[in-house]
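Each structure below is given as structure tokens.
Shared between the two complexes below is chain A, which pairs with chain B and chain C, respectively.
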Partner chain A sequence: MTLDRRKLADHAAGWGFAAPAVVLIGVFGLVPVVWSFALSFQHTDLTSPGTFAGGENYAKLVADPLFWDAARRTLVYVALFVPVTLALALPIAVMLNQRIRGVVLYRLAVSVPLVTSTVATGIMFSWLANPQFGLVNAALDAVGLPKQGFFSDPGQALFAVVAMTVWGWLGFAVIIYLAALQNVPRDLLEASSLDGCGRARSFWHVELPLVSPATGFLLVWLTINGLQLFDAVYVTTKGGPLRATTVLVYHLYNEAFVSFDGGYAAAIGCAVFVLIAAFTLLQLRFNRRSHYEVR
Partner chain B sequence: MRRPSALHLVLLPLSVVMVTPLVWMLLVSVSTQAESRRFPPGLPSGIEWENYLAAMRDAPLGSWLVNSFVVSVVCVAGNLVLCSLAGYAFARIRFLGGRVAFFLMLATLMVPFQIVMLPLLIMMRSLGLVDTLGALIAPNLATAFGVFLMRQFFTTLPRELEEAARIDGASRLRTLLQVLLPLMRPTLATLAVLTFLQTWNDFLWPLIVVQSPDAMTVQLGLQSFQGAHTTNWPKLMAGTVLSQLPVLLVFFFAQRFFVRSVAAAGIK
Partner chain C sequence: MAHGRGLSRRTVLTMGAALVMTAACGTGSGGDGKVKVWHGYTDKEAAAFDKLAARWNTTHPDQQVELVFNGGNDNALQKTLASFASGNPPEVAYQYGSSITGLTGRPQTQDLTDLLRGDAAFGWDDLFPAGREAATVDGKIYGVPALVDNLSLVYNKKLFDEAEIAHPTESWTWDDFRSAARKLSGDGRFGWAYVNDGTEDTVWRFLALLWQAGGDLLAADGKKAAFDSDAGLQAMRLLRDMAVTDKSVYLDAGDQQYLNLFNSGRVAMLWTGPWDLGSINEDVSYGVQILPGRVTHATIAGPDTFVVFGDNGRTKALPFLKWLLSAEIHLEFAMETGHLPIRQSEVDLSGYAEFEAKYPGTKVFVDNLAKNVTKSRPNIPQYPKISQVLGTAVQSVLLGQAEPEAALAQSRGEVDQALAGS
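Moving on to the complex of A and B:
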């Protein structure tokens, strides 16, 4: 009997400690997920009580050319943003991992965009990429190239958003790679150089395989964040010009807060969720196959 | 004497590119109107402090900064206390439903915020919190990420530490406060920095739940300021500098620590 009483005390203590956080996260994190799914089967403006809509929102989604346009743009964005960030981050991390003078300052310069908010980044880049007097056009002008519209050109706006978000996320990817590179055992690199590997070969055959978990993590993390792109678009182009930067979440925002079609917005949200879950599972499966471990 | 590395030839231009947006933000913020719009752009001839005064005068930047500060500090405090308690329970106490609760909580980490925000807005309306700081604080007071971080930390501690105190008759709470708290400092600092950064720079949630300027955070306020003053770049940049000053200061003074936190948590 005393044993049971102790167990009871454990249950009470456990819930006593965990309850405040669990209740808050349950109410504000878990309940809305179920609720959102329910909203996607309603007609609602999010203000007054909704009415049951059956599968109409999903039927609208399948037939909505704007949705498919937004989905295509989102995928184009992710297909550029993720590989470009990774391809820049790894060589930079390798260079910043060397013992050279001033490396601390270089690391500082690369990682400072990390703390810069998307709103501030958007304002800075709007000026830098200004079609009339921006710094980027001054650079183009200096080498004899014509001025470009960037955010105001429908053909370039999405690429300008890619460039801006790569600037914002590069430091993060570099930090993750640096941490992984610093875990590569020195004796492995020494062994490979004793075996006659040059710097480049030991990078390909030793360091690159050993940082593959970091690559896998970054692939998943950057993809998830890329699929949720919104802030950077809102503060620079508001989805324009000519919808050129209306990505999925921006479309969702428009439907919910401009067209007041909350049910349809919830359906788009569920589609984004499915997309994210599918990508994550796919990449996790792929990562498991290409995982190396040092014993 | 070592030969200077050839890597400088790559790293120096790269660093210049990375800091250029921030440097020009500073330069434009002290330029005159005309200087900010000439082509090609150049260095300002003097320092126009007036831009900062104008930014403060034309927008309630001061109260936006205070709002951001209040929201961030309260959320940091909430996360430190609530996530420590829950993390400890999930790591150390076997209790009914504990594993299920932990699993469900982790599951919320995989859900994008855009799914959560629509019902969350309805909830805030019925709680009467729309257009108040309460709406910005309540959903961020305890985070699944924070609980997970603290739980992972507690599982790395040797059990003997607590057992000795428990045998001496100390309660769980006392053990946590007197024995474990000193060891938790680095992890708590990580959680504090990340929570602060996230709430300070948050944009989408304030955008949909706050409309009146009185309850705006500095990020949201700055965005509305941008909409109203697209032609006055120096003033807009001055406001932008002010909005980023707190996080930039934290970053420069605690850079090493900061970088370690980001690497540990994988968050921007």
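Moving on to the complex of A and C:
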């Protein structure tokens, strides 16, 4: 009897500790999700009461060429942003994991973009990539390469956004990788070198597999953030030129807060939600199979 | 219209002020009985506005106003609608002219027609027409003008002299303008700058061109597009000829660098409003002239409006706004901010000569209000959609991605569809 009561008390205390987080996530996370799901079955301008729309918003979604264009651009963006970030972050993390003079300074430098706001990043990149007067084109010109349009060229703008966001997220990915690399037990590395592994082979066969949980985490995290891309676009190209950077969430923003078609915007939101959930489940499943655990 | 005001500063302020807004929204309205006026003024404008509100408050204990910075006017409509949704709207909100139809269908928005037209002392008809039209939808008045601007040609005198080109005159034609821009270009310099982000900032300059060529945006009954006309074609062709053929136009991607480039002598001419004059460096000697012409020298007004909400807005905030727009008080505000006069009787005040002396460039803009602001954007709920469509069309021509004919035909189809759709 006393045991059960203690258990109950433990439960209560546990929930008590978790309550602030549960309430916050519930109010600012779950409620809006459920609410926007409900909205997606209405015609609403977001302020006056909506009317029931049945599946009309979803029918509009399927028939909307702008939606499919935006979806395609979003996938292209994610397919570039995530691998490029990972491919750059790991070598940098490996380099920063050495005992070299001034390593703290280098680590600090790498993590600066992480603490820089997207707005500042956007203004800086807009300047650097200004087609006429930017530093990047001046450098290209100096070595005899043709000047580029970057954010101003419909054919290049999306790639310019990829470059900018990779820069912004690189510091985060490096820190995660660095932490993972520092958790690789030294005795495993020593053992591999005793067994005759060179530096490269021990990286390939010992370190890389052991940081795969970090890779898995970054894959999921960067993909989720990539699918939700908005702020970097808003502060640089506003979805242009000629919609070249109108990704899904930017399209949603346009529908919700420029055209005030709240129901349709909510339907787009639900589509993004499903997309993110599907990607995340796939990746988690794949990760589980490829994990190595250090016991 | 404040489309031109420096983006970088504004963006930073917007982000910073988001926090302030959150706090302001949370405090709840009416707790202290003050009516809230949301505005986007900073620096000199904010100081002048604060001073006037403080003076009003000392003499009107029952109609106290509280000025609340909205974080920047670019998203004022969105923020106001969000305040409706939260059930805690301000009594007055500063809005771009093109936003008003987004508010007129709401129960919060007040029909002020009787209170304004019926008040002889206020003198509604004395206000410049562009401001009155912006506040009026389907014959009903929903607010008062906050700012009346228009576009004129601002040019760098030194660059003209160096290139030995005669300064722009009142009788400048499109051909004069194009050839001057071409001669002023080259060597990392552009004759003209055009905001090419596809927003209303792109569209309103095109509308001025369209009107100059004798065209119209919509047919007289407002049910069909009318810009796919000979005039529309001429306007689009001028843009293509200058941007694509001559390459004499700096295409501003929306980060509003054109003013910095004008300051550094990289851009020789701007089509802009009085709000930019204060940001031109002192060492840049500039002139102001009316826009070049085709059939007419039409320009476009960018009127902003104080829109009024709720019963307290009618009874407590409107008297403050009326006072603010009285000739003497507004001239006082204009003296400190460089804003254009808002009503005819203000120009007739004896103190107005002092304003002209202090802001020499503004005379052209003021004269424009009477002479060259002949048409205005239609105040219809479909306008934001029309603006989006036209913005894309103009952008595609400026970037050389579409021919004028094709861009016009396609956007006409989309505009007709938008007009028929509701």
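Heads up, the rule we're going with is that the second predicted complex is superposed on the first by the 267 of 295 C-alpha atoms of A that agree within 3 Å, B and C clash if a C-alpha of one lies under 4 Å from a C-alpha of the other, contacts with A are read in each partner's own complex, and residues count from 1 in each chain.
As a working rule, a residue touches a chain if its C-beta (ideal position, glycine included) is under 8 Å from a C-beta of that chain, and two chains touch if they have at least 3 such contacts.
Nothing here was measured: the structure is a model prediction, and the numbers come from that model.
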item	value
Combined model on chain A: chain C and chain B, fit or clash	clash
First (chain B), second (chain C), both or neither touched by A:A79	neither
Partner chain in contact with A:F257 - chain B first, chain C second, else both or neither	both
First, second, both or neither for A:T116, with chain B first and chain C second	first
Partner chain in contact with A:R243 - chain B first, chain C second, else both or neither	second
Touching partner for A:L66 - first (chain B), second (chain C), both, neither	neither
Chain touching more of chain A, residue-wise (chain B, chain C)	B
Partner chain(s) touched by A:F125 [first = chain B, second = chain C, both, neither]	first
Touched partner set for A:V274, first chain B, second chain C, both or neither	neither
Partner chain(s) touched by A:L39 [first = chain B, second = chain C, both, neither]	first
Partner chain(s) touched by A:L284 [first = chain B, second = chain C, both, neither]	neither
Superposed model, chain B segment overlapping chain C, candidates 43-51, 205-213 or 241-249	205-213
Chain B and chain C footprints on chain A, overlapping residues	46-47, 117, 119, 123, 127, 132-133, 235, 257
Chain B-touching residues of chain A, taken from the complex the two chains share	10-18, 20-22, 24-33, 35-36, 39, 46-47, 92, 95-96, 98, 100-103, 105-125, 127-128, 132-135, 137-138, 141-142, 167-172, 175-176, 178-179, 217, 221, 224-225, 227-228, 230-231, 234-235, 249, 252-253, 256-257, 262, 265-266, 269-270, 272-273, 276-277, 280
Contacting residues of chain C [partner chain A, same complex]	8, 11-12, 15, 75, 78, 81, 84-85, 102, 105-107, 188, 190, 196-199, 250-251, 253-255, 257, 261, 266, 384-385, 388, 392, 395-396, 399, 401
Contact set on chain A toward chain C in their complex	45-48, 117, 119, 123, 126-127, 130, 132-133, 151-154, 235-238, 240-243, 257-260
Complex contact set, residues of chain B against chain A	4-5, 7-8, 10-12, 14-16, 18-22, 24-25, 28, 36-41, 82-83, 85-86, 88-90, 93-98, 101, 104-105, 107-108, 110-123, 125, 138-139, 141-144, 146-147, 172, 197, 200-201, 203-204, 207-208, 219-220, 222-223, 226, 233, 236-237, 240, 243-244, 247-248, 250-252, 255, 258-259, 262-263, 266, 268
